[in-house]
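Report on the structure given below.
Chain nomenclature is as follows: A, B, C, D and E, assigned in order of appearance, with residue numbering initiated at 1 for each chain independently.
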Amino acid sequence: MMKKTIGLILALALMAIPVAAGADTPVRGGSMIVCQPAEPPGLDPTSNTAAAIDRVVYSNIYEGLVKVNRKGEFTPGLATGWDLSADGKVYTFHLRKGVKFHNGEVFNAEVAKWNLERAMGEKTVNAHPEFFRGIAKIETPDADTLVLTLKDVDALFIAHMAEGDAVMLPMKGYADAKSNPIGTGPFKFVKWVRGDSVTMARFDGYWNPERPYLDKVVFKFIGDASAQLAALKAGDIDVISSIAAPESAMTLSKDNRFKVTFGTSTSEVIMSTNNKVKPFDNKKVRQAMAYAIDRQTVVDLVMFGYGTPIGSHWSPGTPYYKDLTGKFPYNPEKAKALLKEAGYPDGFSATIKLPAIYSYSKRAGEVIADMLGKVGIKLKVEIVEWGQWIDRIFKKKEFELTMIGHAEPWDIGIYANPNYYFQYDSKEFQDTYAKALKAATEAQKAALFGKCQEIIADDAVNGYLFSAPALRAMKANVMGFWKNAPTIALDMTEVWRKK
Amino acid sequence: MSRRLLEIENLCVEFDTPEGIARAVDGVTFHIDVGETVGLVGESGCGKSVTSLSMLGLIPSPPGRVAGGRIRFEDRDLLELDKEQLRQIRGREVSMIFQEPMTSLNPVLTIGRQVAEPLMIHRQLSKADAWDEACRWLEFVKIPAAEKRLNDYPHQLSGGMRQRVMIAMAMVCRPKLLIADEPTTALDVTIQAQILSLMSGLKKEFDMSVLLITHDLGVIAQVARRVMVMYAGQIVEQALVTDLFNDPFHPYTRGLLESIPKIGSRGQGRNVRLAEIPGTVPPLTETITGCKFARRCRHAFDRCREERPAVSSVSEGHEVRCWLKQHPEKRS
Amino acid sequence: MRRYLIKNITILILLLFIISLTVFAILFVLPGDPAQIILGINATPETLANLRAELGLDQPFWVQYGHWIGGLLTGHGSRSINYDMPVYDLIVSRLAVTGPLALMAIVFAVIISIPLGIYAAQHQNRPGDLIVMGFTQLGLATPEFWLGILLILIFAVKWRLFSAGGFPGWDVSFGGSLKALLLPAFALGVIRASIITRLTRSSMLEVLREDYIRTARAKGLKERTVVYVHGLKNALIPVLTILGLQLGQLLAGAIIIENVYYLPGLGRLVFQAIGQRDLPVVREIVVFMAAAVIIVNFFVDFTYAFIDPRFRKR
Amino acid sequence: MKRFFGNKNFLVGFILSAVVLGMALTSLVWTPYDANSMNPRHRLESSSFHHPLGTDQYGRDILSRVMVGAVNSIVVGLVTVSIGMGIGVLLGLAAAYFGRFADEAIMRFSDLLFAFPAVLSAILITSILGPSVINAMFAIGLFYIPIFSRLTRAVATTTWKREYVAAARACGRSEWAIVGRHILPNILSPLIIQGTIQFAVAILAEAGLSYLGLGTQPPDPSWGRMLNEAQTFMDMAPWMAIFPGLAIAWAVLGFNLLGDGLRDTLDPKMVRVR
Amino acid sequence: MSSDLIIARDLARYFPLGGGLFTKPTAWVKAVDGVSFSVRKGESFGVVGESGCGKTTLGQMIVRLLEPTAGQVLFKGDDITHLNRRELSPFRQKIQIIFQDPYSSLDPRMTVTSIITEPLLAHGKPTKAHRRQVAADLMKKVGLRPDDQKKFPHEFSGGQRQRIGIARALCVRPELIVADEPVSALDVSIQAQVINLLGDLRDEFGLSYIFISHDISVVEHICDRIAVMYLGGIVEVAPTELFISDQRHPYSATLLAAVPRPDPNHRIQPAAMEGDVPSPIDPPPGCPFHPRCEHAFDRCRNEKPKLINVTDEHAVACFLNDGQGGVK
C-alpha cells in the first residue's frame, strides 16, 4: 500500500516538472524565503568544503568560470565558452565582458588568474588545492582571455572548475569573504543573522539583465524536520530545499497548498566498509553483505520511498551513470552461501558506527543491522558524535562498518586512494581511474568511468544503498526551483513567484 | 465579692492518633473569678495546655476537637461562637503567652509590628499610634531602649527579653484574662524570678485574671491564689494555694509534693529518699473505667478501679476527685 | 557582613575558575579536530594545518587557556568557529529565546504552585489536598519533554492552535514568538510547579505548626493574615532556595525542551555546538550557564536577608 | 511488612513498580515479538489485537519494545544509584567526620556538581566518551554523588552529635566502631528512601538523555529514544509518542510513591510518635 | 589529698566562632576558662549554673569527650588530659557519663541489651550470653524488667529510658559518674524515682558523682559539695549545708533566692537581680558578674577575682570576701 502511493507520487512528480516549468512565463519581483537545513559555517566557498556554504552562496552570490545547469550540464558561467587543445592540456577560456563584482570591481582575466593562483599557492586555505595544482601555466593574452596549460590531461578539470571551490572573488574585497561575501552573482549579500538566516538582494549590475527574477532571497536555517514543516505550514517560509524527515513529505504532498518535488542529487549513501579489517577484507564477505541488503526496502524504511537505489558509487543524476543495482539482487540464501564459502557458516559479529548528526545514517544503520542479522551477521550499533566520527573513523580508520552520504559529485576518485578511510586498494581500479581522468573523448570517458563503477560494484567495496533524494517542498506558487541537485547549489537565478 | 469571669464545665477534648482516640481533657470543670490568679499544675501530657488552647479555639484541628462541655466567658459560651466572634475575643479579652519565647515570636517580623498588631486589629489604631502604644508597653515591661527595640527582630533579643515582649503583646489590649502557659519554663531561674515578678506587678496594676499553667509547684506556690491539680486529663484536686500545699488531700497531689527535693531539707543527712509515685502516667488512648490514678495509688481499693470517682468537697473551696472518705494520712 | 560578602565572592570566583578550567580541559582532550570539521572530510592536511594555525589550535594547553580567559576577562571572548562571530553576541542572541522561556516557565511554575501549595497545606489530608498532591505526583513522574510532545499532539496536531515548534524571531513577530514559547514554557513550568507545590505545602505545613502561628491566632488575627503574613513569609524561605536550585534544573530542562520545540535557544546552541566541535561556543556557554546558576544561588542566599532577618549578620 | 502495606503510597507504588519489574523480567524470557525485528509490511500500524500498542516506522512491535525498555530503565536506575550511593556515602562520612576543612572542601565540590546543569554535563560527558547507555549512567551517577554525600553528611553530623555517640565514645569505642554501629544504621533508612527516589529520577534522566540521542543506542529499545523517534511521525502515528511516555511516567510514579511510602514508614520521627 | 579521685586543674575550653575554609575564627567562646576542683572518693560533687555557664563543657572535659584547651585532669593522680584512645581505655572504664536527654542518648536502632552492654565491646569481646546476663543484672539493678531486654528505646517511657542510660554507665563498674542534668527532662514524679535510684546506686557501688544541674534543689538534695559556675568559671564552692546557710558570692545568693519554693508561706524576694547573663563571647572585664551585682565597686570592674578559700572547705571568687564576712 505504502509503496504504491509513493510510486504514484513519484510518477506524478516526474511528469509535472517539465509542464510546470514551461507553462507560465516568469515574472519579475517578489521575495522568497528558502529553508536550508544547515547553517553555513562562513560564507566563503573557497576556504571550506561545507556543502551548506555552496548551497547558499554558489550561483547566487558567487560564480565561477563554469556553471552547472539544472540538467547537470556544464554551461558558461563567467566564461562564455572554452576551447580545449587537441592534446587535452590547454584550456582557453573566453571571459564574459562587462562583468562587475557587487562592490564595483571589474572581473577580467587578471582577476581570474589571481583567484587561481590564490587557490594553488603555498598558503592556500582552499580545501581542494589539488583541483588547481594540475595547472602548469596561466596566461592572460588579453583582458578577456585566460589560457590555462595543464601538466597533464584532466577529464574532471571542467567539473572541478564548476565547483564552489573555484568561484571568483574580487581582488580587493576578498578578505571578509567569510562574513561579507562579494561576488559577481545575481544576488548581493545583505546580512547574515547567525543561527537564523542569510539575506541577499537582487544585484542590478548583473551581467544578464534578464535575471534574476526575484528581488530578495532569504535563506533560513531550520534543521529539524518538524520545525521546517511547521514553518512552511505557517507561511514563514516558501521553500524547504531539503526535507529532513522524508516521512513528512507524504503528508505534505496531500496538501494542495504545497507541492513536493523529488529529484536526484549527487549524494550516495553507502555503508562504508573497512576493507583492511577482518572479515571485511574478504571479498566474499562483502558480496554476501551486498546480497543480504534489500535496497528498495532500505529506501522504503529509511527514506519512505524517496530515494533511488544504487549499485555503485555514482548517482543516477551524474553523467556516465551506469545502473548496477541488478548486480547483487536481494538474496539472503546466496548471502548465507557466500558467507559459508568465506568461512563463516554461522556468521559473525561486527560493529557499525553511525554518525550522530545524520538521521538517515542512524536509521539506515538500524535497518541494515536488522537485515544483516537475518543472514547471521550480528551488528552492534554504536552512535558516535560527528567530531569523533571524523577523528576515529575518518582519520584513524578505527571502524568496521559505518554509514555516511558522500555528497560531492564526481568523487569516485576516492577509491583510487588506498589510504582513504575505507582502505580499498585495487590496482585495477587505480589504473582504470587514471585512464579515465586522461580520457579525451566523451565515449572514452563514459566507458572508463563506467568501468570504474563496475569494478567497485563487483568488489562490493562498500554497501551501496541509495542516492539521497533532492526532496523539496514549496508553496504551490513557487516556480522554476531546481528539482534535481546535480551540483551543490540552490541556484535561485531562475526562480520566480507566480502571482 | 467574687464575680465569675470564666466557667468551664465538663470540658472534653479528643485527638485522633494512629493508636486511636486520645482523650486529652476528660471532663474538666473549674472557674476563674475576676481579678484572680489561678494555677493549673500537672505533669507533661496531663492536658493542661490543651485545656487552655481549647478556650480560644486554638486546638489544632484536625486531629483535635472539643468533644463536649461548656466554656462560659462572662455571658458567652465560647464553644458556640463562630470563628469571627471568637477572633474578636482572642487577644482583646483573653490573651495568651506561651512557653517558648524563642519560637512563639515570628522570626521574620519586627518586635514593634508584632506588639502593635493586636492594637491595629482590635482597637483599629493607625500604624503610627499602634507603634507608639507598643513602645509604651515595651517600656512598661522593662525592656531597655524600647524605642530602638521596636525595629529589632526576635533573634536579636535574649530569652528573658523575648518573654517580656510576649507579655507586652498579650497585654496591649488590656485583656480580662491572661492565660500564661508555662511562661517561665524555658528560662533560667534568675530570669524566671524577674518574669514572675513582672507578671505579678502587671496583674495588680491592671486587675486582670490570670490562669497560670505550669508543671512547677514552686512557681504556683509563689504566684497563684488558687490551684488546680490535673492528672491524665482530669482535675483531681483544687483548693486555695495555702490549703493545697499545707493540707493536700488527693494521693497524687501528696505524692507530687513529697517527691520534690526541697531546699534546706537536707538537715537529716545524706541518705534521705524522696517520696516516689510508682509507675508512669497511663497513655491517653487507654480507656480507664475507674480512677485514672488508681494503679499508682497506695490507697486504692476496689471501687477506685471500677468506678470513676466523683468530685467531693473536703472543705470550703477544696474539692477532690477521689473515693477516699478521709484524709489518707489520717486514715492509715 | 562585608567579611561574609568577601568570603562568598572569593569562593564564587574560585568556583568559576575551577569550572572554566575543567570545561576547558575536558574540551581540550575531546577527540575530533575542529579544523577538520570546518573543512569537511575531503580537506587536505595542508589546509588543515593552515586553519589550525589560524585558530590557534596548535598552541599548548596553558597558552590557549590563558588566551581564552584573558579574552573573557577583557570582554572580548572568543569567536565561534562555526558562525565566525563573537560567542558573546551569539549567547546574547540565543538568550533572547532561552531567557524569556525560562522566565515564563518560572512565572508559570510560581503562579501555579504557590497558591496550590498553600491551598493544599490549609486543607491537609482533605480531598482538595489529595487531588493536588495526586497531580503533583503525576507531574513529578512526567518527563517534561514528553509533556511537550503531548502538548504538541493536542494543540498542534489535533487542534492546530499552535505550530509544532520553531521560532519566528522577536523582530519578525513578537506575538508569534511569544506564542511559540507558550507551550514549551508551560511544559517546563508545570513540571517545576509540581516540585514547588509540594515544597510550598510541606513548608507551609511545617510553619503552620509553629508556635508563632499559634501566637498570631491567639492575638485574634484574621486567618488570612495568619497564613499570608505570618506564615507565608517564613514558608517561602525554603521555597526560595529550591527556586534558586531550580534554575539549574530549568536550564537543563530548556536544553531538552528547546530540542522538542526546535527553539533557537542556548540549550540547542550548546547541543549543536558540541556536535559541530565549535569549542569556543561550548566552553563559553557551559561557563555561562554554570556561572548563571552559581550567581543566582549566591543572590538567593542574599535574598534570605530580606525575608529572614536571622541571616542578617552584623 | 504490614506497616508498609498499610501505607497507601507504598501500596500503590509497590504495585506500579512491580508491574514494571514484572514487565522487565518477562521480557528476558518472552516478548510478543522480537523487539528489534523489522517488519516492513506492518509499519506504523495503530493498536490492534496483534499489536496492542501498535507498531513503529520499521514495523516493530511497540509493546515488545516497551517491555524490553523496562529492563534498560531498571538497570540504569540500579547502576546510577549504586555509583552515587557508593561514593556519596564515603564522601559524606568523610565530610561529617573530619569537619572544617575537609567538610568545606567536600561540600564545595558537591556545590560545584550541583551548579552544573546535569544534562549539560551529561552532554559533555557523552560527547567525550561517546553516546552510550554506559556513559549516560556514568554521567547520571556522577550527579548523584553530591545528593548522597549531602544526605549522608547531614544525617551523620546530627547523629555524631547525639548523646548516644558521646556515650559510646565515653566508654572508649573507636570512631570506626561508632560509624559501624551508630552512624550507618541511622543513615540506612534515609539512604533507602533517597535511593528509591533517585532510582525514579534516573529513569527520567536516562529518558531525557536518550531522547537527545545521548543514552541508549539503537537498536536497543529505550523509552526515551522511542520518543525521539516518534516525534517526526507524530501526525501519522501518535501512539508511538504516547505509550513509551506513559511507560516512563508509570515507572517514575511507581518508584516515587514507593520512596514516599518508605519515608512515611521508615522515618524515625514517625517511630518516635508511637 | 590522696583521697582525691579526680582533680581538675585550670581547665579551659575555647570554641572558635565563625571562620571557614579561608577565614580565621572571628571570635572565641570561652566556654570554660580556668576551672579547678577536686572530687573525693565516694563524694557527690554538684555543679550548678544557668544555661551557658559552661557546666556541660566542663563535664565533657572530665570524661574526655572534649579535649581541654588548657589545664589538666588527674584521675587518682594520673594525668589523663592528653592520653590517646588506647591509653585512655582503662580510665574510660572508671569514668562514665549520664546524659540529660533520655531520647537522644539512646540509639533508637539498638535493643536495650545492645545499648547497656555497648561499653563491654570497647574493652573486649564478650559473648552474647554474657552480654545478656550482664544486661539482665543491670536492668534489675536500675529497676527495669529484665524481660524487656529485646525492646527498643522508643518502647520505654522517659524515666525508663533514663534508667537504661544509667545501666549503661554502670556496665563497666565505674568509680566516677558525671551526671549531666540527668533529671531535667523528667516529670516531677519520675524525677524523684531517678534521684532515689542514683542515691541507692551510689551507696551500693561506692560511686562518686559529678552532678551537673541548673536546679539547686536537686543538687542540694543529692550532693555533698556544691560548686556554682558563672560565665565559664567557678564562683563559689562549699559543702552543701554550708552553702545553703552561708553563700558568700552575691551570685550564689541571688540564684538561691530566685528558686521558687513549693511553699506558699515562703515568697521569693522581688527580683534581686536585673539584666541578662552576658554572652561568653564577649565577657565583661573584671568580675564577670559585676554588671548585675548590686555590691559591685571599682575593683570588680577592672580585676577578675580569683577563687580563694575563706575557710578550709569554702572558696569564693569575690572581692567582698577578701577580708572578712560574707554577703549576708
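Convention: contacts are C-beta pairs under 8 Å (C-beta built on N, C-alpha and C of every residue); 3 or more make two chains touch, one makes a residue touch a chain.
Just so it is clear, the model here is predicted, and its values are computed rather than measured.
Averaging C-alpha coordinates per chain and comparing to chain E, the farthest chain turns out to be A.
Of the two interfaces, A-D and A-C, the higher number of touching C-beta pairs belongs to A-C. One inter-chain figure worth recording: chain C and chain E are separated by 54 Å, centre to centre, where each centre is the mean of the chain's CA atoms. Measuring from the averaged C-alpha position of chain C to that of chain D gives a distance of 22 Å. If each chain is reduced to the centroid of its CA atoms, chain A and chain B end up 92 Å from each other. Between the CA-based centres of chain B and chain E the separation comes to 32 Å, rounded to the whole angstrom. Among all residues of chain C, those that touch two or more other chains are 11, 30-31, 164, 274-275. Residue positions of chain A touching 2 or more other chains: 226, 356, 385, 387-388. Counting partner chains per residue, chain E has residues 20-21 touching two or more of them. Residues of chain D touching chain A in their complex: 36-38, 40, 43, 57-58, 127, 130-132, 213, 217-219, 231-236. Those residues of chain B lying in contact with chain C across their complex are 53, 56, 58, 60, 62, 83, 87-92, 95-96, 98, 100, 103-109, 117-118, 121-122, 153, 155-156, 166, 169.
Those residues of chain E that touch chain B in the complex are listed here as 50-51, 157, 159-160, 187-193, 195-196, 199, 203, 214, 216-218, 220-222, 224, 240-241, 244, 254-274, 276-277. Interface of chain C with chain A (complex): residues 30-34, 36-44, 46-47, 50-51, 54, 80-85, 89-90, 93-94, 156, 163-166, 168-169, 172, 262, 264, 269, 274-277. Residues 20-21, 60, 63-65, 85, 88-89, 92-93, 95-97, 99-101, 103-110, 115, 118-119, 121-123, 154, 165, 168-169, 171-172 of chain E are the ones that touch chain D when the two sit in their complex.
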